[in-house]
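Common to both upcoming complexes is chain A, partnered first by chain B, then by chain C.
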Partner chain A sequence: MGFTTVKFALFFLALLIVYYRLPGKGQRAVLLAGSWCFALADGWRSLLMLLTTTVTAWAAGYVMGENQSCLGGKKARAANRPWMAGWTILNLTVLVLWKLCQSETASRALAGGDMAFLTRGLPLGISFYTLQAMSYVLDVYQGKVEPEKNFLKLALFTGFFPQLVQGPISRYGQLGNQFGERRDYEKKQVSFGMQRMLWGSFKKLVIADRMAVAVTALKDPQYTGGAFFLLTLFYAVQIYADFTGGIDMALGAAQAFGVTLPENFIHPFFSKNIAEYWRRWHATLGGWMKEYVFYPVSVSAPVRRLSKAARKKWPGFGKRLPVYGATLVTWLATGLWHGVTPNFVVWGMLNCLVIVISQELTPLYRKFHSRFRWKEKGWYGGFEMVRMFLLMNLIRACDLFPNVGEYFRRLGSLFTGFSLSDFACLDQLGLTALDYGILLAGVAVMAAVSLVQVKQGSIREKLWRRPVLRLALGFGLFLTVLLMGWYGVGYEAGDFIYNQF
Partner chain B sequence: METLASILSELHPEVDFSLDHRLIEEGILDSFDIVTLVSEIDDRFGVVIPAQELTPENFASVRTLYNLIVKLKEN
Partner chain C sequence: MKKLAAGALCLALLWLLQALLMPKYMTSTPEGAMIREYYDSAGDHNVIFTGDCEVYENFSPVTLWEEHGINAWIRGSPQQTIWQSYYLMEETLEYETPDVMVYNVFAMCYDTPESTGSQSRREAYNRITLDGMKWSFSKWKAVQASLTEEEKQWEGILTYLFPILRFHDRWAQLTKEDVTYLFHRDTVTYNGYLMQTGVKPMTEAHVTAPRADYTFGENSWYYLEKMAALCRDHGVQLVLIKSPTLYPAWWPEWESQIEDFAREQNLLYVNMLEYQQELGIDWNQDTYDTGLHLNVYGAEKASRWFGRILAEECGVPDRRGEKELSAQWEQTIQQYQRQKAEAKEETQ
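Let's look at the complex of A and B:
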């Protein structure tokens, strides 16, 4: 049940009415029942996997909590280690196996047999709630959060329906307690939530799904050089509108129920360097990787020993070895999380390479900028943003080519066969002049909204004081989605790109 | 405190660490700086900072970081 379907709209409204109308303490149970129905609508596999992860995480937390209160201190930690490690290994193995089953080789091997159900796509949200549940188990082990004794609260933390489609990845400390108390209807919260959902559906249906047509066409091998440049640009627009649109809908739906999910995008295209970009793009995955992979690896005993040994030979590089080693492992894990195909590993390694090169060149940058005072000039910030946007577009395009050789062939063609006449392909991509006009206007609106949010804060808050303008804009946006949304033949509503990861 | 301030100055020569900066909030330290700091603190103070202590609260200022080192040394 995708976010942009009529079925979802009916489900959401029905659940919202029951949620606020229900007297007493039943809200949590209704929300959980609704969330599990949402998972079941994707098939029994999705619900079964969600329940397995939830029950095992709750049980592991419960046992670790009992050990902490009975044994305490180091003894409890030693007793809890097998539970934490066992749960983590088991759930990660299940996630990796599901991902491996989606490969062509696995599909061929399992086709027609009893296990063929494993190859029919990933269970809904498994990549997201596995990380989320893992953060809970690790936090309980480290004593950062109290083990949750109430199963309903933990089940809502892992299975709250808005985050099942494509995240964001919340932590128990942020989200768990929000399912504690009864929430009364607040017009402003529900209205803000619905406004954000409408804005998300505009990005998804008017921009992302329209742009997807051109991106699919440009993947054809004939399109190289300047056409590949167009592909990187169009894919940037498509994935931004698709992923942020989906996240807007998830955060908006949660807000309507009075729940605040963490922001996943902080205007990433305004980033001036790659580290900043990854703090702003898919921020909850980046934060998760930093806390549970990057830091533990960088301060682990083997890495510290290696660093000490390296420092004796190369004092400067040896110091940076823990950072680079942990960066390599983190990006390998991030790549594999997106997919267990070679292109995602290469995508991760390309990001890692750019980060390491930027770090190594830092002293050179400092010298350069102390001599030429360009950083103080207004235009230089704009130059840095454009540079970062173009660089990330080139790396991101690797997502599109499971055959890594083909990706590098196209990338190479940018430097060997670029011609402005390649842009003539625009009229062969399945879009009309009107479609390009709608896309241009849509991108301009997204950019303007981002700029206003950065400079002046929440637009919804400003509009709240102007009800007539708010209603007019809301109605206008609704009509735009209705009339200009991309609903072509064979259109499969609700297929978000990040839903496949 | 002085040793700590000198390690930080090596990382960011452009910042005056004698002032009471909020290291994370002001965006002075990023995750790379934190890992480099951990390694330097291990070398100069003989204190290993475990992963669960790498929190924004512990690295909020020179003072909080110093308190963390003292606490870990005492344990």
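Let's look at the complex of A and C:
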């Protein structure tokens, strides 16, 4: 049940009405029933996997909580370690196996057999709720959060339907308590939520799905050099509009139910360096990886030993080695989370490489900037943003091709066969001049909205005090989606890209 | 109050947009404008025809009136399936109760939506019939029956109830016609008859490949039985016909199945292919497309002959004595004769 389907709209409205109309404490149960129905709409295996993860996480948390209250201190930690490790290994293994089964090799091997169901796409939201549940189990183990005794609360934390499609990845400390109390209808919250959903559907249906046509066409091997540059540019627009559109819809749907999910995109294309970019793009995944992979690896005993040995040989570099080692592992994990394929491993390693090189060149940058005072000039900030945007476009394109070799062939063609005449392919990509016009205008609107948000804060808050303008803009946006959306007969509106991870 | 006004304004704007974006079928494909024409004159017809092009091309209500005083309307549309014909009949009975309903049985050979052709072809024909229907429960059921299982998603069904969802991107192809006919349509038929004045003789026999199985499907029988029951329940006589066309073929195996059904249900069934001599059809003069359909001259001959059956065997009254009705028909006849004469002049 995709966010941009009529079925979802009907489901959402029905659930919203029942949720706020229901007296007493039934809200939580209704929301959970609705969320499980949402998972069930994707098939029994999606619901079963969600239930399995939820029940085992709750049970692990419960047992660890009992140990903490009975044994306390180090004894409890020792008793809890097998539970934490066992749960983590089991769930990670399941996630990796599911992902492995999506490969062509696995599909061929399992075709027609009893296990063929494993190859029919990932269960809805498994990549997201597995990380969420893992953060809960690890936080309980480390004593950062209290184990949740109320199963319904934990089940909502893992299975709350808006975050099942493509995240964000919440932590129990942020989200769990929001399911604790009854929420009365607040016009402002519901209105804000729906406005954000409408904005998300604009990004998805008007921009992302239209741009997907050109991106698909440009993947054809004949397009190299300048055409590859276009591909990286178009893909940046598509994935940004698709992913942020989906997240807007998820956050908007949650807000309508009075639940605040964490922001996942904080204007990432305004970033000036790669570290900043990854704090802004898919921020909840970055945050999760930092908390549960980067920090534990960088302070782990083997890395510390390695660092000690390295410092003797290279005092400066040896000091930074634990950070680089942890960065490597983190990016490997991030790549594999997106897909157990060579492309995502290479994509992760490229990100890691750029981060490490940037870090190593920091003294050089400092020297350069102390001599040339460009950083103080206004234009330099813009230059850094463009540089970052183009660099990330080149790295991101790695997941567009069926194999890594093809990616590097296209990347190489950018430097060996670039020609402005390559841009002439624009009229062969399945889009009309009008479509390009709509895309250009759509991108301009997205950029303008981002700029206003950065400079002046929430646009919805400002509009709340001006109901006529709010209605006019809302209706205008609705008409734009209605008339210019890429949907209906003759169009192929795609699933959200991050749904596949 | 302000909110109500704003809501009403938004709805009005949406309605206006939908009206603007819907295809008007005025300067091309007039078949798309036929179904909606019925509503303006519904209420007092003695005979209603339903079916595919074999009814709206082959029978002229003007001749039925002139020769027999029969007040008839044809609710036909291209490749109208039996389930669409059934729901058009059901809807018609909401507006009026005619003496006779005539159904052309050729569409019995299409048992399911899937069997009517490719997705794009099927959709185009569905639109022509269903978009012309007013909102009603019958329309809802007709839409449900017309879509394949694959198409029966909310998105698909809603586009028939709110066609703006289907034609949302037509704003890029709007023409003057869309503005001219925003609030009204010209009449394209004569009581549902779409006049064709050309002549294209049948020069050689059409060949239709034989079929592996000639049994009509379950779904077709289901709707034909429903049709019979509907008419019986409303006291309307159902007359089954096979219109006089040479192609596509009407197989003897199909003929015997319909004959058996008509006998069992005590219905009048007239296969006009068997009376070609009596009708006086000349396949060198009376067809505009080598025998697939009749032209106006052929349609007049078929109507003259069939009118006699309706009058004598079904007891449909001669209403030429009714002043008001005669006056209405007089206008239609003048326009009809003018178009015919103009066409004749053009060919001479």
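Just so it is clear, the second predicted complex is superposed on the first by the 494 of 501 C-alpha atoms of A that agree within 3 Å, B and C clash if a C-alpha of one lies under 4 Å from a C-alpha of the other, contacts with A are read in each partner's own complex, and residues count from 1 in each chain.
Methods note: contacts are C-beta pairs under 8 Å (C-beta built on N, C-alpha and C of every residue); 3 or more make two chains touch, one makes a residue touch a chain.
Small disclaimer: the values here were computed from a predicted structure and weren't measured.
Visitor: Touch test for A:245: chain B only (first), chain C only (second), both, or neither?
Guide: Neither partner.
Visitor: If you stack the two complexes on chain A, which partner ends up touching A:299: first (chain B), second (chain C), both, or neither?
Guide: Touch partner of A:299: chain B, not chain C.
Visitor: Could you figure out whether chain B or chain C reaches more residues of chain A?
Guide: B
Visitor: Just chain B (first), just chain C (second), both, or neither: which does A:168 touch?
Guide: Once the two structures are laid over each other on A, A:168 reaches no partner at all.
Visitor: For A:307 in the superposed arrangement: first (chain B), second (chain C), both or neither?
Guide: Touch partner of A:307: chain B, not chain C.
Visitor: By the touch definition at the top of the document, which applies to A:339: first (chain B), second (chain C), both, or neither?
Guide: After superposition on chain A, A:339 lies in contact with neither partner.
Visitor: Quick one: classify A:323 as touching chain B (first), chain C (second), both or neither.
Guide: Once the two structures are laid over each other on A, A:323 reaches chain B alone.
Visitor: Touching A:275 in the superposition: chain B (first), chain C (second), both, neither?
Guide: First partner only, chain B.
Visitor: If you lay the two complexes on top of each other, which residues of chain A touch chain B in one and chain C in the other?
Guide: none
Visitor: So in the complex, which bits of chain C are touching chain A?
Guide: Listed in rising order, the residues of chain C that touch chain A are 6, 10, 13, 17, 123, 153-155, 158-159, 164-166, 168-169, 171-172.
Visitor: Considering only the defined contacts, which chain B positions touch chain A in the complex?
Guide: Those residues of chain B that touch chain A are 13-14, 30-32, 34-36, 38-40, 42, 48-52, 54.
Visitor: Spell out the part of chain A that touches chain B in their complex, as residue ranges.
Guide: These residues of chain A touch chain B: 142-144, 275, 290, 294-296, 298-300, 304, 307, 319-320, 322-323, 326, 359, 366.
Visitor: Which residues of chain A touch chain C in the complex?
Guide: Result: residues 5-7, 10, 434, 471, 475, 479, 482-485, 487-489 of chain A touch chain C.
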